[in-house]
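Structures for review follow.
Shared chain: chain A. Partners: chain B in the first complex, chain C in the second.
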Partner chain A sequence: MTIEIIEDVVRNTVTRITRKDISQFTRTTTFKDLEADSLDIVQILVALEDHFDIEVVDEELESITNMGDFIDYINRKVAEKTARSA
Partner chain B sequence: MLEEKVALVTGGSRGIGRAIALELANEGADVIINYLRHRTAAQNTAEEIRQKGRQAHIIRANVGEPDKIESMFAEIADKFGHLDILVNNAASGVARKAMDLDERGWAWTMDINARAFLLCAQRAVRLMEGRGGKIVAISSLGSRLVMPVYTAVGVSKAALEALTRYLAIELAPYGIAVNAIAAAAVQTEALNVYKFNEKLSKTWQTTSAGRMVQPEDIAKLVAFLCRDESFMIRGQTIIIDGGFSIAPLIT
Partner chain C sequence: MNLSDKGKIVRISVDAMGGDFAPTEIVKGSVDAAREEGVEILLVGPRDIVESELRKYDTDGLSIQIVQASEYLVEGEHPAMAIRQKRDASIVVATKLVRDSKADAVVGAGPTGGVVASALTILGCVASLSRPVVGGVFIGLNKKMVAMDLGGNVDCQPYQLLDFAIVGIIYAEKYLNIENPRVGLLSIGAEEGKGNAQNQESYPLFKDSGLNFIGNVEGHDLLSGRADVIICDGFVGNIVVKFTEAMGNATARWLEKNLSGKIADEELRALTMAYIAETNPAGALGGGPLLGVNGVVVVAHGRSKAPEITGAIQQARYAVETGLVENLKVELEKAHQAIENRKEQ
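Let's turn to the complex of A and B:
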């Protein structure tokens, strides 16, 4: 799976759940910019875990500052899962 | 004891659910652990159960979604064929004051904490048909006491306790006992939402019994309610709080 595909899924999931236009999502956008509350974030994580069959570890999200970091994190989790199942 | 029994613990990967899953295994039950987000924790709890010589099976399902509940019970039916114990423990909630609650937060909380209990009980009863069973729901003192930003969860737990009473009477003829447990603040990660409220944290630290409620306290009570010794207890919400609710100012 390419990072472009992952970025596309993350963008669509985040904007759908935060009820924002897709044009508001860039790699430098933050959850705060999107006015995401704690329920939005939980629902985003559940949706991405469902979609990619990965486990997001809450403590690992603490260093994430923007959507670029978030996409890279999800990409890393997908890669780890692929490596485990190879 | 609970040998040969098959138990489902929703939200069984961590905290109170984990303690319940382990205690039921201690008593001889095979345990199905439902979880939503913490797969590694669920796998670890399952491994601990297997080390006790019991079967363990994990199922990822958001119990706030009816179709996921349906899939979970289809998997249980396929793998075990029946169910003896349902522990409705999975919980979530939006921490807001009543005036700040929106429809989404309300629905998320009620769907996971209250509706899921109804739907899981309906499906569990089909797997208990002809053999009886035990259903235990985990509530909290927030169903009757007002706690900061606990509105949605408190209301959902009140619904859960009322449903416990209705189910207890409706299911008694089928040999199924239904009860609930309401705990005071329990020493788990879920309490972190209040970690900045020093006054509240201090209030909860001690009880007349001398300490906070631990997950294992609840787990032992669940196990008791799942044994035949508790046969005549029906539709009750049993408070486990070290005396907190009757004497919150005395520690």
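Let's turn to the complex of A and C:
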């Protein structure tokens, strides 16, 4: 799976749950910019975990500052899962 | 198997560890419900704890099973994060039983945020709704008024408040038989500019929605009958509910003190109990449904004792049997479509 596909899924999931226009999503956008509260964030994490069959570790999210970091993190988790199942 | 088919026995999963008096009162209320309501009960929690409570009762002939969950939520945790960190928490397991069609409804006595977060992430919202809402008739002194949100969402955006209004209208029409319900936005003054930023941003959205919006209403309108559906965020709603309950209890004590010896004790007791029931129907009914999720979820009061838990289970059964979720889905779709059509005109 390419990072472009992952980015697309993350972008669509985040904007669908926060009800923001997709144009508001860039790599420098933050959850705060999207007015996402804790319930939005939990819904986003659960949706992405289900979609990619990965497990997000909440503590690992602490260093994430924007959507670019978030996409890279999800990409890393998907790559780890792929490597494990190879 | 669809357990909610007509004629089937309704199966309800109960978070045995939720609420201030768990598991003792939750288990007792569930046993009473199984006996009185003829429902099947799945008690969810650490097996040894729940089993030791259940052994106190004669459950012969009753359909009660224990479903193992190794953890449970406690007050003070951040609910949204707690359900991710405690993936085997009793409310999480109980809600998954509904998702997996192993139960028709779930009842949880709190923490409210945990019940809401579990429902939202596990069952999801019905299409076109962003958040579920806790609400319904909340005071017996005004039985034809629906208030939302009563504690499910402490921070709300204007479009979410509009969603709650649509749910409130459907509830008022379908369950209270009110035609074209009047919607009011709870504020600190009737004029358009009154209220906090959230109120001021919400007002024009409501005004242009095509709903029967009568404008801002004030605290006294919760009892005046001016609006059929009153909308506020869960922060305000929860404070209002708890204050109302406390006021009812305090007034009842005041009546007892001041009327003692002036009227018969039995009459006085009946009067104060009736007064408490009129000012605290949420307590008397055991809580309220969480509206807008893909499944029947009843949020029982955190201070629920056995009778309230029985009442909450009764509500869950009623919601299953009346097709509450399906009704909401259909009506929400229609309402949102009408708003969209209006925007396009």
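Here is the rule we use: the second predicted complex is superposed on the first by the 86 of 86 C-alpha atoms of A that agree within 3 Å, B and C clash if a C-alpha of one lies under 4 Å from a C-alpha of the other, contacts with A are read in each partner's own complex, and residues count from 1 in each chain.
Going forward, a residue touches a chain if its C-beta (ideal position, glycine included) is under 8 Å from a C-beta of that chain, and two chains touch if they have at least 3 such contacts.
For clarity, every value in this text was computed on a predicted model and none was experimentally measured.
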First, second, both or neither for A:Val46, with chain B first and chain C second: both
Partner chain in contact with A:Ser38 - chain B first, chain C second, else both or neither: both
A:Asp69 touches, of chain B and chain C: first, second, both or neither? neither
Chain A residues contacted in one complex by chain B, in the other by chain C: 38-39, 42-43, 45-46
Contacting residues of chain A [partner chain C, same complex]: 19, 35, 37-39, 41-43, 45-46, 58
Contact footprint of chain A on chain B as seen in their complex: 36-40, 62, 92, 94-95, 104-105, 108
Footprint of chain A on chain C - complex, ascending: 78, 80-81, 83-85, 116-117, 120-121, 130-131, 153, 155, 157, 159
Residues of chain A touching chain B in the complex: 38-39, 42-43, 45-46, 49, 55-57
